[in-house]
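If you scroll down you'll find the structure; I have some questions about it.
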Amino acid sequence: MSEPLLSARGLAIAFGGVRAADGVDLDVAEGEILAIIGPNGAGKTTFINMTTGYLRPQAGRILFGGEDITGLAPRAIVRRGIARSFQIPQLFAEQTVIENVALKVAARRGFWRAFTPLLDHTTASEAMRLLEQVGLAQLATARATELNEGARKLTDVAMAMALEPRLLLMDEPTSGVASAEKFAVMDTLVGALRARRTTAVFVEHDMEVVERYADRVAVWSQGKILVAGPPREVLADPAVLREVIGVETAHAGA
Amino acid sequence: MALLLLLAVLDGLAYAAQVFMVAVGLTLIFGVLRVLNVAHGSFFAIGGYVAASLGAAIAAAGFSSALALPALLLASAIVGALLGPLIERLILARIYDKEQVLQLLVTFALFMILEDVQKLIWGVQPIFQDAPVRSLGQVAVGDIVYTVYQLYLLPGVALAVLVGLMWFLRRTLTGRVIVAVTEDREAATALGIDADRVYLFTFTFGVALAALGGALASPTTSLVPGIGVNMIVLSFAVVATAGLGQIEGAALTALLIGLGRSVAVYFAPEFEVVIPYLIMVAVLLVRPHGLFGRPQLRRV
Amino acid sequence: MMPRATIVALLGTVGILAAAALAPWLKFVLTVALAKGLAVMGILLLLRAGQVSFGHALYLSIGAYTVAFLRPAVPDLLVLLPLAAAVALGVGLVIGLFVARYRDIFFGMLNLAFSMVFHSLLEKLYAITKGTDGIRVFRPTVAGFALERLPYEWAVLGLALLLALGLGWLAARFLVSPLGQALVAIKTRETRLEFAGVSARRVLLVAYAASAALGGLAGALLACTTLHVTPHLAYWTQSGELVFIAILGGGGSILGPYLGSVVYELVRVYAAAALPDAWQMVLGAVLLGIILFASRGLWGLYEDLVMRGWRRA
């Protein structure tokens, strides 16, 4: 097998007494779509934060395309081709959905234009295409503040995709999205990722979504990876069922 | 040369004392209210004018000039008690949840208003009332004859304010509440602290301190329109150089800037106004959060 | 939206020319208003990013003094104006490198500090600046022609109008460009801009430099209108005036600054003379009122009226 696109070795970080990462080793292959599951507080978001430069690991290394990116600033990491969406997205509140996405398109395609509109033909149509991929085309001219949680998250995903990253990290992209729409959104989203051969990692609580769209799933528990492997096997593992999915369903029921 | 330097140091000390009292109120108010009060320099000016008027009234009534000194304190108390609650309750209370830029604009509007209030009440001719200085006489420092007022009283009061403030913030309940709100507003209000009262108290206290600075300065300088704006920019320079919210830091920085300025007065008078800002810019270039400040967390 | 603004701008142009023709004393007032409108447009750019400068009189005075200093060597208005803008742009870039690192309070106050320093230098360095006496500016030539007073005044007014229209058009385009939109993003969520790989500091620097150049140009026009420059142009009250006009006009349209400054100058002609010692107080009170009760300014009021009119029709 060729060298993994992303490779984490021995990542560790603790907040006070809480070990959010406790020796995490994880490889993500080029073109792969990996799901991360695990109970709340397991350290899933923390992993994404460390990979994107929002947190500096206290130990361990992160390699991206063979280069050590541990502790680089978020801006430097974005430039190397890693984009993310957030568990709690923060959009540009005074602008419309399409302007939000277009700003990211422009950030990639040439930002330093002072006298041609942000929403010129190419930028606008590209932003629109991205919004279609997450099923938000009809909300393009809504203000960012008018969106519900699901739409905010998907806007955030479209904004991350606008950077055309090699690796896309999504933190619970479909939470808040109505279950009736989840699969339709994931169909087009994952379709677009695969068409572009974008490598992706997404945190997910819905096991059906994981099973349908992930090539591989990694199970997080208390700052460690419990198991990782193909969804069908992992989700059938009794230990996983007990440790994680039991917790998940109990949690979902609560 | 040495004589000039000594004179510069003495002037600098006296000047630093005044600046400190304004700056410390500014930084205290900012710490608690999160509003940088652009009108703060006006309280300094108004404190000075009220003190001068009181002094003139005392003289006109033929009372002993020994009353001149307590009158300075009285002036500061009057300004604090009148303007503090009025402005905090009537205006600032409306803007705590607004954008920073609007808060700044509101205090700037207040500043515009208060600058003209001074002109309307006290006119534009210089006012000079030095009874408090004369009442204390002079002393010799080496070859220099210097006023007791500027040599001992001004720095003494500033020091007393600093020590008293530290004691107050560390040892009294109200003081600790103020510190708690400064450090973590959400947590403090979650603990059931009555934020309204803390805001009102802190603002009034800060106004009184600025007015005290002005009252103490009034016998040593002519009061003219524009002293308020000079003071707000200067005390902002002190606060920014020290780091927002730093109290002891503000004292040290006031000293640094006060001395720098008075050295300039004697050796390069054209640059008197420039020196404090040169110091500020130099410090901020090296330490963007000031000498004693800590970086604030950025929103993600 | 956009065409409507163009129509209003053209109507305004006609109105200004007509007023200046009918009442000659208005020519001076309107030229001053247009010049200040240019500077206020710069303030508006910064306000888009949520930043307010209490020191832009610095650039007014730099522009004005550039004209005063260079007039003996460079006699023509059409050369003096771009030179003044260029000098202000240069200073703005240098100071901008420093102040663009800061936001909110620091941004506002550092600008105030710089302008106060410059003001005091203008007053104290008498040998160079003639102190508070100021410097008299001899009427420059216009495109090589030495004009009499009346045609000269018309020329300056016309030039101010052309600049207001042309630069207003450019600024309106700027506001919808990626850079202009990034300014709004700085106001709401600056770190997200950073994390997309865009330097917020550099975006703000561009706006700041542009606002400095606009301020310089405005100051140069003022100097060519009043033909006398004094340190008062750098005083904080002038900066306050620019901020005041920006808020009065409203940030919703690039026409706001001009609407604001024309109304402001017309009122000032009467009111400032009637209450010389209370003028700042009136401004402060009106500013408070606008911020607390009508935060979209005059342009906002105008829009509300028009909208209501349309709905009724």
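Letters A, B and C name the chains as they come in the text, with residue numbers starting at 1 for each one.
Everything that follows uses one rule, which is that a contact is a pair of C-beta atoms (placed from the backbone, for glycine too) under 8 Å apart; a residue touches a chain by one contact, two chains touch by 3 or more.
Note that the coordinates shown come from a computational prediction; the quantities given were computed from them, not determined experimentally.
Compare each chain's C-alpha centroid with the centroid of every protein C-alpha atom shown, and the nearest one belongs to C.
Counting C-beta pairs in contact across A-C and across B-C gives the higher total for B-C. Centre-to-centre spacing of subunit A and subunit B amounts to 51 Å, using the average Cα coordinate of each chain. Spacing of subunit A relative to subunit C, judged by their CA centroids, is 45 angstrom. Between subunit B and subunit C, the centres computed from C-alpha atoms are 32 Å apart. Of all residues in subunit A, those touching 2 or more other chains are 90, listed in ascending order. The set of subunit B residues touching two or more other chains comprises 299-300. Shown for subunit C are the residues in touch with two or more other chains, namely 189, 192.
Contacts from subunit B toward subunit C in the complex involve residues 30, 36, 38, 91, 94-95, 99-102, 104-106, 108-113, 115-117, 119-120, 124, 229-230, 233, 236-237, 240, 244, 269-270, 272-274, 277, 280-281, 284-285, 288, 298-300. Across the interface of their complex, subunit C is touched by residues 52, 74-75, 78-79, 90-95, 99, 102-104, 106-108, 111-119, 123, 159, 163 of subunit A. Those residues of subunit C that touch subunit A in the complex are listed here as 170, 173-174, 176-182, 184-185, 187-189, 192-199, 206. Per the touch definition, subunit C reaches subunit B in the complex via residues 47, 50-52, 54, 98, 101-106, 108-110, 112-114, 116-117, 120-121, 124-125, 189-192, 236, 240, 243, 247, 277-281, 283-285, 287-288, 291-292, 295.
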